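Look at the two complexes coming up: chain A is in both, with chain B in one and chain C in the other.
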Partner chain A sequence: MNLATLVFSALYQFGDAFAFLVLSACGLAVIFGMMGVINLAHGEFIMCGAYVTAATVHAGLPLPLGILAGTIVSALVGVVVELVVIRHLYDRPLDTIVATWGLSLIATQGTLIMVGSTMAGVGTPFGSFQVGDYSYSIYRIVLFCAALGVLAGLYALFNWTRFGVLARATIQVPHMAAALGVDTRLIYSLTFACGAGLAGLAGGLYAPTMTLVPTMGATFIMEAFVTVVIGGADVFLGTAPAGGVLAIVKSVMTSWQGQLFGQIGLLVAVIIVVRVLPKGISGFVLRERT
Partner chain B sequence: MSKSVLRGLRAAALTGTLVLGSSLALAAENPIKLGVLEDQSGDFAAATIGKVHAIQLATEEINKAGGIMGRPLELVAYDTQSDNTRYQEFMRRVLQRDKVDVVFAGFSSASREAYRPIVDQFNGFAFYNNQYEGGVCDGHMIVTGAVPEQQFSTLIPYMMEKYGKNVYTLAADYNFGQISAEWVRKIVKENGGKMAGEEFIPLGVSQFSQSIQNIQKAKPDFVVTLLVGTAQASYYEQAASANVNLPMASSVNVGQGYEHKRFKPPSLKDMYVTTNYIEEIDSPKSKEFYAKFKAKFPSEPYVNQEAENSYLAVYLYKQMVERAKSTKREDIRKVIALGDVCMDAPEGKVCIDPKSQHMSHTIYLAKVGADHAISFPKTWEDIKPYWLGEAGCDLTKKDPMAQYTPSNPPPKP
Partner chain C sequence: MTGFLSLFRRLEGPQTVGRGPAFWGLFAVVLAVALVYPLVSDGYTVGNTVYFFVWVFIALSLCLIWGYGGSLSFGQTAFFGIAGYGYGILTINFGSAYGFTLVALVVAVAIAALFAILLGYFMFFGRIAGVFLGIVTLAVTLMLERFMAQTAGPEWRIGSARLNGFNGMSAMPPLTIPWPGEPIVLFADVGLYYFVLGLLIFVYLGLRMLMNSSFGNVIVAIRENPERAEMLGYDVRKYQLITFVIGAALAGLSGLLYTVWGQYITPSSMGMTAAALPLIWVAVGGRSDLTSTVIGTLMVLAAFQALTIYGSQYALVFMGVLLVLTVLIAPNGLVLGAMNWLGRLAARLTQRIG
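Moving on to the complex of A and B:
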């Protein structure tokens, strides 16, 4: 086996792990990392996106539009959840754990009762390509590009747009922002919806590659929390490097010793990073800058 | 309404206690209580909701026809949520508080091993209506599902002859996957093949890029997939999209999780499964069972082998109680010891083996085509669960209440 094949396969596995970590974590990075809401229903927003995507594709929509529909529906559900539940609990972070956990149980069981125990898959598009001895799925490259796109989009949104500035101001010093005439309630709502929509996007993107069941959100939740905890409060400066570091650990450990050690490696890396950098990677980077 | 009645009602509402109605004439008699502990939610629900429905169907039929010895059959069902600790909790509850006569319980082997000591401790009587890794030698248990000597001794040699002798095993990382992989290893060796590789996947893992690459690196002739739970089923779609294009063999797929219905063709192309029942089996008995099932549960996505195992188990229990004229376990085991507890099930004739209290089965080799249609290249009739008996487990003489494996056989006397 030649070197180029080995390098490509290592890069591919890294990209694959990176995409999964970043896409699972982005929505949570906004809701938990930025807003400080410990959202245990994150996986169910992902499930919602995946289900809506699959349903619309079954109804005849092309996959990209289906994914868009999944994203939008999840964002709208996010708005409703924020209005009804989360809004009243911003200064009670421990209570949000219970509330969002309850929401997640209701969502999982409600889906099971209403939609049934499984939903038919939609099939992965694009086919495969060959490098050396190995064949790879093209869609996995699409997922990697989508992860990069989402990170770039988030950076642009929170740094270059008026909404981004207002959102950061509102979350940093809410009463000052309100005094300056910012409608903080609206900003909170929109930011939460943005996080929920990103979760839905992750669900939509992974829907063609996975089993569609009410409990599918659970397979994302560990990776999502791990990435956000390591990343810290800044969506871009945290999630991107955290995803990178964890993807290296995970892909190297998995190719060396199998899936179990990949997961062990992931958790050990988290313990080390949290111990050394209590504010996460972004906390470390930002402190260096100031 | 008294406080205790209220509390009872509330507990019933909370836990979803299910009491099937029975006709007035029967209600006069003291009912026979059957506990049902199956996963109606959680990771395994897709494969197990049909088991509960099958038990309900059989119970309804039996009660309509006059019950068991004139006594109606009453179900006490709890949702175990794919959670091992729930099994322990509810097993204690059905045995101690509900005082059921028999319990039908369990999908995953982890949950079975979680509740089995409780059945032994409280001297209960349980049916495990599920295919599994084999080896349970316990007088408190009757197993109606298929075991490795029925599923692998047929499947693996067939695959090795057809595709080649290099075998790769991809298995779920818990007792079922580990022990089943041990069986595969043993049978591959006995047939002069070799293991190209093995990987064990933790339950709940859904991303398989690296495992797919490991398989491609090992270049096996076919892959034995012993993946369990809905998360792990994502493997097929991902392997197909990476164009792995290897034949697959399994004892759990299709027959339990109906992956060929859930995934878009051709992701399960060339999957071979040995199963004792799936709804595609084209015999009059099977058709009749399928029609009855669909009439009662029209929205059932699939009638799988565990549904059939559960259905026939209710009838087997009826037969044994009527022959023993008692619901006591010791009386029923005397009937089993006669060695002629058999019935014409939807799959064909099945009998209980007195030594191991496991069942003989008709084993169908199901092949999934490129369009996900099922064909049956081969059928083996009356395959006995012989391993435990040959290895030295004889429940008619001694009840060790243990589980054995090829590397840990029963102690020689």
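Moving on to the complex of A and C:
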């Protein structure tokens, strides 16, 4: 094996880990960063996206449309959840965690009852290509591009659109925004829907690569939480760099000792980072600026 | 002597519901019923009651950390699992002779507490609070579950104890009290019942005293306003760490007793669902009081077991609904609400008579 293939292999591992961390964390980070709410049912929104994607693909739609359907359905479920539960708990952040955990339990067990313990998966598209002695899946490259696309899209949404401006105004000083005529409740609803939709998108994108079981959300949430905790409250200054750093930790540990040690590496990283930077990377960056 | 007596005076106070002769009279009646109960019941039911009691310890640990301390820990099951596995590994290696199971009990709980000191140091001295604390503790317990689940291979052994991956460890010896003549083996019926009941009363009364002491008052002050407590000169981090460690030891005791009770422990006892259940008991009971936590836990467990007849998935959906409704409608807990209502009613009645 020569140096070039070795470098490519490392980059591929890194990109794969980065895409997984960023895609699974984005929805959580948007909701946490904008509203201070930790959505413990995040994994179940991902599961919802994956299931809807698989169901629509089985019904004959092409995969991209299926992923879109998964995203939209998750976002709609998000609107309902916000209206029924989250809205009443904004002044009690700890209770939001507890309530969303209850929702997660209902969603997991409800899916188990209604759909069964497993659902037929979707084949991974695009096949693979060869570099050196190893073959790589093209779809993983697509996922990496999708992660970059999501970050770019979020940046555009929050900086260049009217919704983005109103949303940022609402986070900074909610009552001032309300006094200036912003419907803050609507903004919160839409933000929650946006986060839920992003979770659905992650589910849809990863549906072709994994087995669909009601507890599949649990495979995502650890990574998602770790990324958000390390990143802090800001999606761009936090989630993206945290995804980068953690992807290095995870891919190095995984290729050295295996999948589990990749995850243990993440956990150790989060405990150390939190000890050093309690407000995460974005808190550190923002404090440096002011 | 007076110091000893003043300790007992701490049994009631501002941090615990229930005071006066009426409450302690009721307590004595419940205690008497609990003591007589195994004599009029069959072994299976008694064993099942022990199973309920075992969970009360982890509920009390969460009540202490979350209800009194105000830091929501999702990871109590991590200490549950650590102590459970610790007991299994120790007793399978060293057997149960010479009262070693009791040594293993202390050592396993101490291991859980040590782990809590390590984890708690990073969390509280890193000033993690609120939602982040919950996430880090949850990540820790999920990680432990995944780690234990992959230990199926024969290379995962500590001494002669195989960890057995997802199937978990089993066949560890039950608790054995050395006794002249023949050692007393506490099987999961009447023997273990009295042992666990004794521990439960000890822990319950001990926590009442602790919470009504100055330590407990500081803990509650930190929950109400950490900045103010800090300004008054208390090292918030130290108090939080101590609470966390006591809670972890209680959760460990729970896990250990669970292992003793069923003579098995599996990784799924540290999983997502297992971690959610204590939270439901404590939230539904009323997290900010010890008595309501105990009552709530026993009631929800009984309801859960009754529902499991129709399938455990349905029972779990019901638990989820119960949790969401409690948070939305009665955030202080159902049992605590009822207890406060009864207290007010009794006060009004005595006022009218007097």
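Criterion: the second predicted complex is superposed on the first by the 290 of 290 C-alpha atoms of A that agree within 3 Å, B and C clash if a C-alpha of one lies under 4 Å from a C-alpha of the other, contacts with A are read in each partner's own complex, and residues count from 1 in each chain.
Everything that follows uses one rule, which is that contacts are C-beta pairs under 8 Å (C-beta built on N, C-alpha and C of every residue); 3 or more make two chains touch, one makes a residue touch a chain.
The shown structure was predicted, so the numbers you read here are calculated from the model rather than taken from an experiment.
Trainee: Chain A superposed: clash or fit between chain B and chain C?
Mentor: clash
Trainee: With the two complexes superposed on chain A, say which partner A:Q263 touches: chain B (first), chain C (second), both, or neither.
Mentor: Both: A:Q263 reaches chain B and chain C.
Trainee: Just chain B (first), just chain C (second), both, or neither: which does A:T118 touch?
Mentor: First partner only, chain B.
Trainee: Using the superposition on chain A described above, determine whether A:L3 touches chain B (first), chain C (second), both, or neither.
Mentor: In the superposition, A:L3 contacts neither chain B nor chain C.
Trainee: Mind working out whether A:M216 is in touch with chain B, chain C, both or neither, as first, second, both or neither?
Mentor: A:M216 contacts chain B only, not chain C.
Trainee: Between chain B and chain C, whom does A:V85 touch in the aligned arrangement: first, second, both, or neither?
Mentor: Only chain C is touched by A:V85; chain B is not.
Trainee: Taking the superposition on A as described, I'd like to know which of chain B and chain C A:A59 touches: first, second, both or neither.
Mentor: In the superposition, A:A59 contacts neither chain B nor chain C.
Trainee: Answer with first, second, both or neither: which of chain B and chain C does A:S255 touch in the superposed model?
Mentor: first
Trainee: Check the residue A:Q109 against both partner chains and state whether it touches chain B (first), chain C (second), both, or neither.
Mentor: After superposition on chain A, A:Q109 lies in contact with both partners, chain B and chain C.
Trainee: Once the two complexes are overlaid on A, one stretch of chain B runs into chain C. Is it 111-119, 273-281 or 363-371?
Mentor: Among 111-119, 273-281 or 363-371, the clash with chain C belongs to 111-119.
Trainee: Across the two complexes, find the residues of chain A that touch chain B and also touch chain C.
Mentor: Looking at chain A, the two contact sets intersect at 108-109, 112, 215, 218, 260, 263.
Trainee: Touching chain B in the complex: which residues of chain A?
Mentor: Within the complex, chain A contacts chain B at residues 9, 12-13, 16-17, 20, 108-109, 112, 116-124, 126-128, 130, 133-140, 208-216, 218-219, 251, 254-255, 258-260, 262-263.
Trainee: Provide the residue numbers of chain C that touch chain A in the complex, in ascending order.
Mentor: Checking each residue of chain C against chain A gives 72, 74, 119, 122-123, 125-128, 130-132, 134-136, 138-140, 142-143, 146-147, 150, 271-273, 276, 279-280, 283, 311, 313-314, 316-317, 319-324, 327-328, 331.
Trainee: Using the touch definition up top, name the residues of chain B that touch chain A in the complex.
Mentor: Within the complex, chain B contacts chain A at residues 41-43, 45-46, 49, 173, 199-202, 204-207, 209-211, 213-214, 216-217, 230-231, 233-234, 237-238, 240-245, 261-264, 267, 299, 301.
Trainee: Would you pull the chain A residues touching chain C in the complex into a rising list?
Mentor: Listed in rising order, the residues are 32, 36, 38, 85, 88-89, 92-95, 97-99, 101-106, 108-110, 112-113, 215, 218, 221-222, 225-226, 228-229, 260, 263-264, 267, 270-272, 274-276, 278.
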